[in-house]
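Please find one structure pasted underneath; my questions will follow.
For clarity, chains are labelled A, B, C, D, E and F in written order, and residue numbers in each chain start from 1.
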Amino acid sequence: MAKVVTTIQRADPAVIDGLAAAGVATVHEAQGRIGLLGSRLRPIYPGARIAGSAVTISAPPGDNWMIHVAIEQLQQGDILALAPTSPCEDGYFGDLLATSAIARGCRGLVIDAGVRDVRDLTAMGFPVWSKAVFAQGTVKATLGSVNVPIVCAGAAIEPGDVIVADDDGVCVVKRDDAASVLAKAQAREANEESKRQRLAAGELGLDIYDMRGKLAELGLKYE
Amino acid sequence: MAKVVTTIQRADPAVIDGLAAAGVATVHEAQGRIGLLGSRLRPIYPGARIAGSAVTISAPPGDNWMIHVAIEQLQQGDILALAPTSPCEDGYFGDLLATSAIARGCRGLVIDAGVRDVRDLTAMGFPVWSKAVFAQGTVKATLGSVNVPIVCAGAAIEPGDVIVADDDGVCVVKRDDAASVLAKAQAREANEESKRQRLAAGELGLDIYDMRGKLAELGLKYE
Amino acid sequence: MAKVVTTIQRADPAVIDGLAAAGVATVHEAQGRIGLLGSRLRPIYPGARIAGSAVTISAPPGDNWMIHVAIEQLQQGDILALAPTSPCEDGYFGDLLATSAIARGCRGLVIDAGVRDVRDLTAMGFPVWSKAVFAQGTVKATLGSVNVPIVCAGAAIEPGDVIVADDDGVCVVKRDDAASVLAKAQAREANEESKRQRLAAGELGLDIYDMRGKLAELGLKYE
Amino acid sequence: MAKVVTTIQRADPAVIDGLAAAGVATVHEAQGRIGLLGSRLRPIYPGARIAGSAVTISAPPGDNWMIHVAIEQLQQGDILALAPTSPCEDGYFGDLLATSAIARGCRGLVIDAGVRDVRDLTAMGFPVWSKAVFAQGTVKATLGSVNVPIVCAGAAIEPGDVIVADDDGVCVVKRDDAASVLAKAQAREANEESKRQRLAAGELGLDIYDMRGKLAELGLKYE
Amino acid sequence: MAKVVTTIQRADPAVIDGLAAAGVATVHEAQGRIGLLGSRLRPIYPGARIAGSAVTISAPPGDNWMIHVAIEQLQQGDILALAPTSPCEDGYFGDLLATSAIARGCRGLVIDAGVRDVRDLTAMGFPVWSKAVFAQGTVKATLGSVNVPIVCAGAAIEPGDVIVADDDGVCVVKRDDAASVLAKAQAREANEESKRQRLAAGELGLDIYDMRGKLAELGLKYE
Amino acid sequence: MAKVVTTIQRADPAVIDGLAAAGVATVHEAQGRIGLLGSRLRPIYPGARIAGSAVTISAPPGDNWMIHVAIEQLQQGDILALAPTSPCEDGYFGDLLATSAIARGCRGLVIDAGVRDVRDLTAMGFPVWSKAVFAQGTVKATLGSVNVPIVCAGAAIEPGDVIVADDDGVCVVKRDDAASVLAKAQAREANEESKRQRLAAGELGLDIYDMRGKLAELGLKYE
């Protein structure tokens, strides 16, 4: 049953921006090593680091009609997240849709399918994480849904969840957990900083984390 | 039966250059969403955008002998297109062959196999679209053919067809269709420009393309 | 049986640096077209070209404990080489481990699994060749071994073997063969230079390598 | 946070058995073409057709400890559904675990990872749908969870949802939808029977489904 | 441009049946090691060995409408060959379509996508070679073409070409070459029979094919 | 450097047969969870369970010449193990080579490439574990080596090592370890038998292996 949910809850913008600054790896660790989308999603250019509220799209293979529908639902700071209903690598999205999405405040696209016009998208600074770069055109013939729960590259995403994406890939944070995850991420970063300095000085993780006893106990032998 | 066809027809150079300027995605759409090579072919460096006449190579797995044969058949503005006779990712091509190809006027290589010396090729500005970067060396022991019809990464290519390649991948245009496809591509670009401006101003594709009625008729519900 | 071998032999540093300068493709050819790791290992950023002595790690899937153990075994100029005991793409390695490895003189990491914090690693100039970029965190629960023979991305590596890595991928040279392989690589480069000049001048490989007779003898037909 | 939910709701056993009889393709269509697990999950032997209530397992890569925990939670007619927390193909499950699962009333296993002892499992008539057959042993070192929501081969599964599996693959039906989906599946089957007879008699789908007008309207040409 | 070509040429039925008897490997060798479809196409059950005239289908991803159109074009002894216009593994074909195809004389299906109802298809004895078994349903919304040239799993197929398929996979023979390929295939089989007897008696291929001299000449050393 | 080693050591035939009886999963566990070849190697038919001494082959992609050379080196009870020098799925082996291998006492083939004539091989009862079934023919043009160390599907194999293969895949046992591994395998089997009976009676692994305390200690919560 094809539908568009027009009212979704979003997390606090300051929290969202904090999660972007923390980055994917830290956020993923902070929330207990969950929420990663599959490694097949890669950025079309290096260096982007964003977070935003998910406007989700469930679309048939080779049919990008629902992206037009979803763009109307965008608010400033949102990220589009598209999962095809079956595996597909067609180029659902290009420079015209990016122009439209940017005009509506969209920060980027996460898509378990293909993207095209990547030179233009790079020039526009519109980041996309996709499983393929592929120029294959799509049709507008069959309905899908917008702002429904999806599974994208192996991760369950609810509309309004926070998407975090950078060079390491993409992570989703449940909307209700966003603030607490940010707090844990920041604590983790603070903690890492002192470790980084000790490691840079040549101290070993074996000693900093006090691992030698446990390794010996489990039977590790040095020859 | 191994053979080299020494006389092939080529498209009009001005048309070829026009197709390069239009780019893969536009050309693919303009000719009716056909002609793309598979998304596994990726450029070894970003930013190249070329078109040229295909000098085709059918080569055994792990044997690059026929590239030497093909280079003799190159004319200014051509592109080498190689399909192995069975799946292979060996590095058929490196900086020496690129040096030779460039000397004969070649604009680039499209290969459903591997390439090596990619640092040198990048420095030389010789673009390659390949399915792998792999240093594996090849032999020169078994014949293949040059300028015969091939299937490369899922697309049928005749010698003299126009290859268009950029960051979105690779597309082939039948030689006889090149001029008409260019005309359609240019019309498409002109048409897109006005759309782009309206989208950039915040107008929605739903309205520009008058989609709301059709979506409702098919049963899309807003909640 | 989990163990750490603390004393390994290394090749001559000058030889190692010579192999780095020769690069993967040349080294691979010089030693008889052997020693390449699979093409699935890709650098996280372009342009790095290194060689070093392998400190090997055999680690369980999703468990990076042994990297801490291995870092203690590093000497100036070494390269870490990790093979999981079964296929895995988790992010075993990030910026903290890189900080530690750099402090111990490590030149890079070759890993048939995932890596994370690639933006930081790039900024630090610590090169990694991996089969995935994936933020998935790992545990420290199960032992593995350090400085034992491993098979990494299809290539057998002994501790102390020389790893050579650049944009073309990764190659391993047996420690005892390092000097002779370097000699052959340098001879090959010298020989290639004259060929490069002749090819650049438009001479054909068919003539330089005297291939026409053999091709005809095998039955190649020109039409 | 590792946990075991000990009380889950299950669908009506008669409904579950009805869904098994309908089979994966029909159930998938009946519920609106949703719920399929990825095609990488294949049965270890042909001919099995089962349905049951999902007892879900989230397990670390290469660690099958939680299967032992999950078996205690099994009730007559249940199906184990395991998703690793990152991609893995290790053999989490073999004949001993199957013996135990059978003793607790388990009908089969759906696992987005590997399985082993497939000859024994086949002889025992214990069906498994897995992404690999692989003997690689696993450890028991790190916690996971039982009866929590998982994403398995791209499909979201809640504990107590109905798993349907046959030669076509695996489908999940939300527990609350099970009865209505069964009703639709049975209606679909009844409807298909009359179609089957007409098709078998040589009548065309073009006529039975009255497609010719629509095809012509969209522009299909006969030459 | 969507179209259906209603008149195609077919090869001699006796030749077609002869090619079926020869089998894929022999036919492939007899025609010069060309014409194989990719190894990703596997039979849904072992033991089928067929040949027939190709009725080709070019279909959009996830849309099986054109199969209904193609069935009308079938003649006794034909084989359906479907290539999606972009990579897709949806289940385009199941037992109802098979019922219809059989009623029109169809011998089997070759599809570079998915198939479902494989238990029923097996029971019906309708063989399918596909890249996936997947229950995913398809729509009937977008046109494709019937009896146009396609590239299916990497092989170019013209309507009326002879498809040969067995446990080794699928091969296509150009219609005009069918008789000569059959003659070569039969000659090859006759020749192989005497070789088979000598090999079965323990004679070595090294001697039968007189390989020792050539091996020595190329430098093979025995230690 | 192409060579054939004509004298290799083999393990005790009784030990080899004992390992076959134990099977891949048990042998793999008995030797410390090492030695498995990648799961991409699958048997061409179910039910075979063999062990034998490895006669190894390193062959160029698409060139099966060295199989003829290797067959001469076979002794009663041996298994051929072939690794291509770069990834390849061509059909190196078919019914004629199988006829010859059987005549020399060969028990089967393990090949990280393709095989063909699988219907005939099945009828002959000659088991093959391969990464593909593919009819693609190969040439006899370039040398390789026989009875040298190889890496096959990710596992290092020395000539004379024991190959064990069954429906679970393929495992290699170092020749010198064969007897001790067999002893451990048999001990493991004896130990498993009592476990199997207790599990079949409904006792839980949680209790048999005394896991509850450790799980609680690590923090597993029951809700």
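Methods note: a contact is a pair of C-beta atoms (placed from the backbone, for glycine too) under 8 Å apart; a residue touches a chain by one contact, two chains touch by 3 or more.
Note that the structure is a prediction, hence the values are computed from the model and not measured.
Shared contact partners of chain A and chain F, listed by label: B, C, D, E. Chain E and chain F touch with mostly distinct residues; of the residue numbers seen at this interface, under half occur in both copies.
Note on chain placement: the centre of chain C and the centre of chain F lie 28 Å apart, centres being C-alpha means. With centres set at the average Cα position, the gap from chain A to chain C is 31 Å. Here the CA centre of chain C is 41 Å from the CA centre of chain E. Each of residues 1, 33, 36, 85-87, 89, 134, 136 in chain C touches at least two other chains. Taken pairwise by the contact criterion, the protein chains fit none of the simple patterns, being neither a path, a ring, a star nor fully connected. Interface note: chains touch in the pairs A-B, A-C, A-D, A-E, B-C, B-E, B-F, C-D, C-F, D-E, D-F, E-F. Across the complex, chain F is touched by residues 60-63, 85-90, 134, 136, 139, 141-142 of chain B.
The part of chain E that touches chain D in the complex is made up of residues 1-6, 45, 65, 68-69, 71-72, 89, 91, 94-97, 99-100, 102-104, 114, 116-119, 122, 132-137, 140, 143. Of all residues in chain E, only 1, 32-34, 36, 38, 85-87, 149, 151, 154-156 touch chain B in the complex they form. Contact residues on chain B toward chain A in their complex (touch as defined above): 23-25, 28-29, 33, 36, 39, 42, 46-47, 49, 166-169, 171, 192, 195-196, 199-202, 204-206, 209, 211, 215, 218-223.
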